[in-house]
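Listed below are the structures to be examined.
Here subunit A shows up in two complexes: once beside subunit B, once beside subunit C.
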Partner chain A sequence: MTDNNYDEIVQLLCDRLSSLASADVNITAETNLISDLSIDSIKLLNLIMEIEDAFDISIPINALADVQTVHELACLIAKIKSAS
Partner chain B sequence: MNLLEKLDAAAAARKAMLPEGVGAFGIPIEEVYSATEARIGERRVLLLGTNNYLGLTFAPECIEAAHKALDEEGTGTTGSRMANGSYYGHRALEREFADFYDCCSGIVFTTGYQANLGTISGLVGRGDTVLIDGDSHASIFDGCILSGAEIIRFKHNDMADMEKRLRRLGGRAETTLIIVEGIYSMLGDQAPLPEIVELKNKYNCTLLLDEAHSLGVLGETGQGLVEKTGLLKEVDFITGTFSKSLCSIGGFCVSNHPQLDQLRYVSHPYIFTASPSPATIASTRAALQLLRNGSDLRKQLWKNCTQLYTRLKETGYILGPEPGPVIAAILDSPKQALQIWHRLLENNIYVNLILPPAAPDGKSLVRCSVNAAHTTEQIAHVGETFAKLYHEVLQP
Partner chain C sequence: MSSTITKLNAPLTQAFDFQPSSETQLMPTPTRNTLAQRLVGFETLTDALEYAAQGITGYNFYDARGKLRSILPYSLLRNNARNLAKRLVGFGLERGSRVAIIADTSPEFVELFFACRYAGLVPFAMPVPVNLGSHGVYVQQLKGMLESSQASLAFANLDYINFLAEAAEKVTLLEWVGTPAQLNELPAQEVTLQPNQPDEVAYLQFTSGSTRMPRGVVITERALMCNLMGIVCNGLEITPDDRSASWLPFYHDMGLVGLVLAPMVTQISVDYLATRDFAIRPLQWLRLISRNRCTVAFSQPFGLKLCTMRVRESDLKELDLSCWRAAGIGAEMIRPDTLRNFAEKFASAGFNGNAFLPCYGLAESTLAVTFSKIGSGFHSIQIDSKALIDKRMAVRLQAEGRKSNEFVNCGRPLPGHIVKIVGEDGQPLEERMLGSVLVQGASVMSGYYNNPVETEKALKPDNWLDTGDIGYLYDGDLYITGRRTDVIIVNGRNIRAQDVEELAEQQPEVRSREASAFGVNDEDGSTTVVLVIECRLTSVTERHALIKRLQQLVYMAFGVNCIVELVPPHTLPRTSSGKLSRFAARQGYIQRTNLNDQLAVVESGDR
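Take a look at the complex of A and B:
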């Protein structure tokens, strides 16, 4: 994964997540999707569908079990993108 | 946070949504009078929160069959079929389901939940893919998790979205199991089966259809969506439950793939569960006969569904896209839904309350389940009460 790719993915994730989180939360790569953003599981799964379309990939729900932070989600997306 | 503190956090979240003393979930039902009436607290209530679609819970044929089995075979089987053996009733019910769907194989499970859990986890595994509707029931989702297959969701009933995800799978589509439901339990809408079958054939996938809510409800003989659409032979596996139209507990899977029988040796939810009790099997067999011959019941059910759906729609409620035995009023906030639910109960009408995240798209639902035993007057009374509450709660 190039740094550019990773940075672009993180930026897109932060933009999408900001629409779901309250205004006072500053979203960074280290933000925890569940504990910091209080996003329920269904909203998160719907967000994943949007992200899948943005990158034209499919993210298996099982793979999300190991994802807690924006950084981890970005790494997963980069990995799937590079494999597809 | 330790294990018990996690549960405390879950309890706090529930309390924040439901004020103290409002027992909307798991409400105590003190006495059941009929398929349409029961006592909750001191109230005699009209039941619109059951899945008793054909109204057969007190059918004399089913009660008599259950009594006879209880007398002759005892209260329970005390073990799994693998270890403890299959009773005549288990095998007969499997043959009867296979015959009903004109299939070569049928398996009975102890619950409807296990029918999906056992079928899905037996059919797919690591290296395979399951493509499921975004509004899938928890039993489907849990079956997929248990299987270890990769789980991909598509947007609810959105065929363009489904095809996009099939295209992305490339060659892996051939080891993909598509899973959809005849009628979805939240909004009562039906899967677009003709389009799904077209995509299934185009991408050479396997298709499982869960007829849990559509069994007994759709089609001339009550097979479900496969019969209504004439696509029985296009669906690889059909699962369903006994706990709705058949008024007992248990589940089934039927298929024309003879490999279905191998599930008996690989599916943990089948192998490691006590088999259904003789009385349960006997009442289910009797109910299946009534269901197959129940076109009059279906006619009455659909009359009731259309009557209530039309009344609520005319009042101004936002509903699911089509009439059916599941009619859900979609509300913007848990507070509104709770108010309507509570006021309905004060008016002696029991319905289901569904709050986020269980309800789709962050909405809240007040969900009615209509059945064939409801009278025209009962449905009219429910419609009038909903209309009164619409003006008092939503448009004061």
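Take a look at the complex of A and C:
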């Protein structure tokens, strides 16, 4: 994974999340999707669909169990992307 | 635009027929069988599979893009299951020993499930993790099931084996943990597989939610075959032209009994979409129905809501749902508007509202209790809200303008089953009176595995099962008005109030019996979890931190947001025995927050 790639993913996630999140928060890589953004299950499904479409990947459901922050989600996407 | 979007927007045939040229074309199992359809007379699951295996129908598994990934004709299922059974025999387990299987939507799960039956073992399905950040809670949930079932073996495929291995640590009775592929590498024993008996346990079904004390419903072959027969003959009136499509998880009773076992015992083909893939792209399910001309497909109301929310005009043009004759709806309270909105939205795609088939059931009665009449759509009645609250009686709305509640007709019990409504004293009530729903019949469970306390709570004298639901009978038909306060249903997920409270009580700031959880309904009918905590903290920062932590824990465990309210000690109402009353706690919360339109009447006191 190149740093460039990771930064791009984080940027895209932050953009998408700021439109999904109800709270007015400044989203960074450290933002916790659960406690800071209160992403509900429907918004989460939408986000996953958008990510899958944007990066043309499939995110395995088991991997999300270890994701809590924007950084962790970005790393997961980068990992899947580089493997595909 | 990414290639995915292009594919999704492509005409239906193109979206489905997309196949890389390097792969050989896989064909789904046909709808029409070469074997004469037989609906009755099977004593056990393996009996039914031996018959189905003589035909050419079976299970088909599709991926997120609607591409056929693998097929499992019943003939192949039988051979693979028998083959695996001979390897299972090598463990030298007693008949009836439990086998845990993490049930993603895959051929491997179905093969293992039947392999257990051929080997005389009792399989049970465990869930896949579905929530963000749920790793720790999920492992605890698996551990709870492994311990409660006293399982001897546990299986997961590569995606989930690490979670399973973690959960299996220190579970003393467990002899072996592995993948289906590892089982296949073990030697097959030279044995003749023994037939099963109707009195033997067919499987355990864990009811969703509870983490610390999960309850495994025990279902015998006899109960299962009785319920399946009622479903396919009386509920669905299955014919040789039927075909099913399903996204329901294999670890839920409706997914497993209704859409894996029922199709097999009637020898019809099924097209599967993984639950996760449905949740992200719900229209793939409708595309499967449309393309493969499926006739029978079930969903929770929430699934229909997802379809209605996510469909675009361009999608409608590509769908032809006129083949769908049985749109079964169950597993949670059915709101008429959910069905109306779906029917309205998909009418132009050929969906016929008469296909709606509301039904009522629960895992403790194998699956189905009542079915409405097939082919006649859903029916509902407007009930006067005041009479319902004041007299606990269902009175048809007489004058316009009075406040009313609309409830869906869930039909009549399957043959050989009786439903009765009882009051708080346990005495039967007359028609149209609101009370607890009890059911009696051959489909009722034997009990919760190794859990006499819970079994005694649910099974009353003469084997009447207390369903935990509230409703009334009207002209012989069952109407469900709500759950008792111990279960909160959010977006189709069952959450036990007790589990939410226990999670809170594990926090150092929260004492035992000082947390109360319940659901409140928004105006649009959606439910929110509320957690009220008696709190002694005075610092604003500490109080805020506790609220945030509790919200995060609830999310990780149950995948839902919740409202946390901190109240002074002694605010929560208690019963004379010192027990918290969730019902009263909810009333108090509603008063404090001035929520309107909360129907107190649909829920009686705590169990």
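Definition applied: the second predicted complex is superposed on the first by the 82 of 84 C-alpha atoms of A that agree within 3 Å, B and C clash if a C-alpha of one lies under 4 Å from a C-alpha of the other, contacts with A are read in each partner's own complex, and residues count from 1 in each chain.
Simple rule for what comes next: a contact is a pair of C-beta atoms (placed from the backbone, for glycine too) under 8 Å apart; a residue touches a chain by one contact, two chains touch by 3 or more.
Values in this document were obtained by computation on a predicted structure and should not be read as measured data.
**Q** Is A:A54 in contact with subunit B, with subunit C, with both, or with neither (first, second, both, neither)?
**A** Second partner only, subunit C.
**Q** For subunit A, which side has the bigger count of touched residues, subunit B or subunit C?
**A** The partner with more contacted residues on subunit A is C.
**Q** Does subunit B (first) or subunit C (second) touch A:D40, or do both, or does neither?
**A** The answer is both, since A:D40 touches subunit B and subunit C.
**Q** May I ask you to decide whether A:S84 touches subunit B, subunit C, both, or neither, giving the answer as first, second, both or neither?
**A** A:S84 sits against subunit B, while subunit C stays out of touch.
**Q** Once chain A of both complexes is superposed, is A:N32 in touch with subunit B (first), subunit C (second), both, or neither?
**A** A:N32 sits against subunit C, while subunit B stays out of touch.
**Q** Check the residue A:Q68 against both partner chains and state whether it touches subunit B (first), subunit C (second), both, or neither.
**A** After superposition on chain A, A:Q68 lies in contact with subunit C alone.
**Q** I'd like to check the shared interface: which positions of subunit A are touched by both subunit B and subunit C across the two complexes?
**A** Of subunit A, residues 40-42, 45, 49, 52-53, 56, 58, 60-62 contact subunit B in one complex and subunit C in the other.
**Q** State the interface residues of subunit A toward subunit C in the complex, per the touch definition above.
**A** Listed in rising order, the residues of subunit A that touch subunit C are 32-35, 38-42, 44-45, 48-49, 52-56, 58, 60-62, 64-68.
**Q** Under the stated contact criterion, what part of subunit C meets subunit A in this complex?
**A** 2-5, 8, 64, 128-135, 138, 159-160, 163, 276, 279-281, 306, 309, 491, 548-549, 551-552, 555-556, 559-561
**Q** Please give the residue numbers of subunit A that touch subunit B in the complex, ascending.
**A** 40-43, 45-46, 49, 52-53, 56-58, 60-63, 84
**Q** So in the complex, the part of subunit B that touches subunit A is made up of which residues?
**A** Per the stated touch rule, the residues are 129, 134, 144-145, 148, 150-153, 155, 161, 164-165, 168-169, 356-357, 360-362.
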